[in-house]
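Take a look at the structures listed below.
Common to both upcoming complexes is chain A, partnered first by chain B, then by chain C.
So, the complex of A and B:
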């Protein structure tokens, strides 16, 4: 185990070097550029024996990933925002073909208006394409999630993205602990897809016309795999913890056990919330955090169980989906709580769009508001100019 | 007719044996069918080259011998490309005739 100062992008690139995938096809985009840029340097320096495919767009990058994964290669890519949007057409194809492609995705606002900074618009819009989605709180988790993503994707046989928050994690340097190369090699193991598309002795067809005959059945198959992914993600996390001593789960609570007022959040904001909670707890306030690490598959049962005893909950989402009824995580958390006999009062805050800063004071204000949650409207903006 | 396999029976990822299109007719929306006139054919194989559905049949001597009407969608490219004059060796005829 080595201790190093790395940005989120460097941490993910380092994980990719240790994974040493067979094929990486990528197109650089801010703020994910560095991931594939650093990795391209690893390729040029001969530190990995990856076939690096510098394509002309993200659409081609994901297409090349699908082709390489069908041939049986261990495949990775990295992208962000418009780049991810440009991949949207191919993302569900990767899932339907059950290809374990791993993506390092840096969360960034979607245009327009043009913005290169962090929010979750890009990743949330890709939530229905059959990809497992993991959010990272810091560079350490970005590194650990990337390593676990390989095991998860190949066991579930679904593509998996590990995400960080643009600039906040991707470009900020933190202390992280990295594993030894052989530890990573041992953890992710060998990968072999059978049958391979390149097996000309036993030729196969991929992605054949499905129409009314089997499209429905194939969709159900992906859905069932996604349901089954929950236990696999948990067991991969348990193995990671057993081997390397860092604990992960689908969701994570911070001072949640006796909390009356709780904030649900994803990504880097969870780190800020821990500081706010520590401060408020010193004053005797029973406040807590529920962090969602895995958003797809959505850990509805775990969330319902974790929130069943608190009084009021604010779901924070770094995205405004223009649905008119609140943001994605809020809607899904509310749905998770629906069948509980005793429910907390639930409100929604959309915040931090396009990299808008979120302060300790604002988050403390959300906990303050939760005292009078009954009188608040259900859907709210935090930190927006009126 | 046997029941179709359900989702539990399907292979993961829609991986199938090669050549499945041979078992599937792509011809049922055809409105015009090509008629092959063996006596006019000069066996230049332009129809075979141009056919987008590999529906021009060759015999054991690799000579054009007919049309696979299970896969011909009636695009008429074979007839259009046929160079034989004054009457082409492949002509199109309305399916309803």
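So, the complex of A and C:
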């Protein structure tokens, strides 16, 4: 175990060095560029023996990842925003082919207009493409999630993205604890995909034309794998905790047990919320945080259970999906609560788009509003100007 | 070069029983290219007729490892396969020599897949990209592509009262790829197995990125009798509509010069996509097409034997 000061991007790049994947194919985009830049330096310095493919676009990056993973390689990439959007066409193909590609994704606003700062509109728009999605609260989690993503992807046989928040995590220096190289090696193990496309004695056809008679079944198969991913993600986290003493789960509660008012959030805002909750608790408020670490598969049962005894809940989402009915996490949390006999009052806050700061005061205001949630409208913006 | 007898004794990469049209030239291209490889091959195909007619799940006509990813990314996908192979070679996990082949139609190569192709060529992956060029998007019903010749009737640039099919001449993709300074680029035809085989053998023997553009008569889009595929291909070479040449280490070589250059009209008359060009009022357009073909041919001949890149 070593202690170091690292940005989120450095933490993810360091995890990649220790993973030492067979193939990395990537294309630069702010604020994820650094991950691959640092990794390219590892390649140039001979610190990894990865076949590094500096492609001409993200579309080709994901395409090359699909090719390499089909050949049986351990494959990684990194991207953000428009880069992820440019991969959208290939993301569900990677999932349908059951390829355990691991992506370091830095959450950033989607154009337009163009904006380089953090929100979750890129990752949320990719939520239905069959990728496991993990959100990180800080650089430590970015590092830990990247390592766990390898085990998860390869066990579930689904591609997995570990995400950080653009600039907030990707570029801020934090204290993190890294593992020894051989600890990582031991934790992720050897990867072997059988059968591989390179098995010329036993040729396989992949990505075939899949018409009415089988396409449906194949899609159901991916859906079942995603459902099954829940327990695998939990057991990988348990093993990680047992070996390295850091605890993870699909969701995480902070002062949740006796909380009457709960704020649900993802990513770096959870860190800010902990401070807000501490302050409010000192004043006697029964408030807690529910952090969603894993968004796909969606931990609906766990969320329903965690929220079943509280009175009101605010779901904070760093995205405005233009759906007319609130943001993605809100909609999914609401449906998770539907079968509860006694439901808390639920409200939605969309906040922080395009890198808009969220202040302690605003978050404390959310708690104030939760006390009069019955009189509030369901879907709200937080921190938006007139 | 392997004799016809040698080739006939090799194992076919593509078996019969696929769903391509009778007389389809695309499957001929795929078979002959694979037969020319002395080593095992791994194939990636772009979306298009070749892939769609050979892989209807749960059947497959491929006797070799085959991967289809999407329409425009065969070159990038194969880059990844080749990268994995290199990684395994370096780590001692694999030792066998394998040849990597990407097949793409003209749509997946000239148009939407152009970026991915150019990137893969520039990066110099050790692979062969083969464009089976039927001069339109056949899989989706004969729409124009950047490879469609001037005057051809397609569903997205059709013949009408004021327009006579495709307005512009096709781009010269072979030259564009040659300008990537890759070690081998060739242009060949269905109907001249020896020319195609020789070029493919050269490509397989050359390390680095290689590209072969094969004109492929298409039954549906060109509309001719199924038994005439090979003859029509040869006619394209005889009329110099589709010159056979290669650029090896930068030196251009014309590999077929017709003893007597045939008129473009001989070629036009054979195909329904050009039927409107046989009408007297289109004589001027035919003359223009002939002039452009002559110009391109003469330019090519003037470069024969010369170092281009």
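Simple rule for what comes next: the second predicted complex is superposed on the first by the 386 of 386 C-alpha atoms of A that agree within 3 Å, B and C clash if a C-alpha of one lies under 4 Å from a C-alpha of the other, contacts with A are read in each partner's own complex, and residues count from 1 in each chain.
Simple rule for what comes next: a contact is a pair of C-beta atoms (placed from the backbone, for glycine too) under 8 Å apart; a residue touches a chain by one contact, two chains touch by 3 or more.
Predicted, not measured: the structure shown is a model, and the values here were computed from it.
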Fit or clash between chain C and chain B when superposed on chain A: clash
First, second, both or neither for A:96, with chain B first and chain C second: first
Task: With the two complexes superposed on chain A, say which partner A:305 touches: chain B (first), chain C (second), both, or neither.
output: neither
Message: A:227 in the overlay: touching chain B, chain C, both, or neither? Say first, second, both or neither.
response: neither
Query: Is A:372 touching the first partner chain B, the second partner chain C, both, or neither of them?
result: neither
Message: Quick one: is A:49 in contact with chain B, with chain C, with both, or with neither? Answer first, second, both or neither.
response: second
Task: Examine A:57 and indicate which partner it touches, taking first as chain B and second as chain C; both and neither are also allowed.
output: second
- prompt: Looking at the overlay, what does A:157 touch: chain B (first), chain C (second), both, or neither?
  reply: first
Message: Contact-wise, after the overlay, does A:243 reach chain B, chain C, both or neither (first, second, both, neither)?
response: neither
- prompt: Between chain B (first) and chain C (second), which does A:67 come into contact with in this model arrangement: first, second, both, or neither?
  reply: second
Statement: Only chain C stretch among 117-125, 225-233, 279-287 or 297-305 with CA clashes against chain B is 225-233
- request: Identify the overlap between the chain B-contacting and the chain C-contacting residues of chain A.
  value: 203-210, 213-214
- prompt: How about chain A: which of its residues touch chain B in the complex?
  reply: 96-99, 157, 195, 203-210, 213-214, 216-218, 220-221, 224-225
Field: chain C-touching residues of chain A, taken from the complex the two chains share
entry: 22-23, 25, 49-51, 53-57, 59-61, 63-73, 75, 89-90, 93, 197-200, 203-211, 213-214
- prompt: Which of the residues in chain B end up touching chain A in this complex?
  reply: 4-7, 10, 12-21, 24
Statement: The answer for chain C against chain A in the complex is residues 40-42, 44, 51-52, 55-58, 60, 62-70, 72-73, 75-88, 90-91, 94, 96, 98, 115-116, 118-120, 122-123
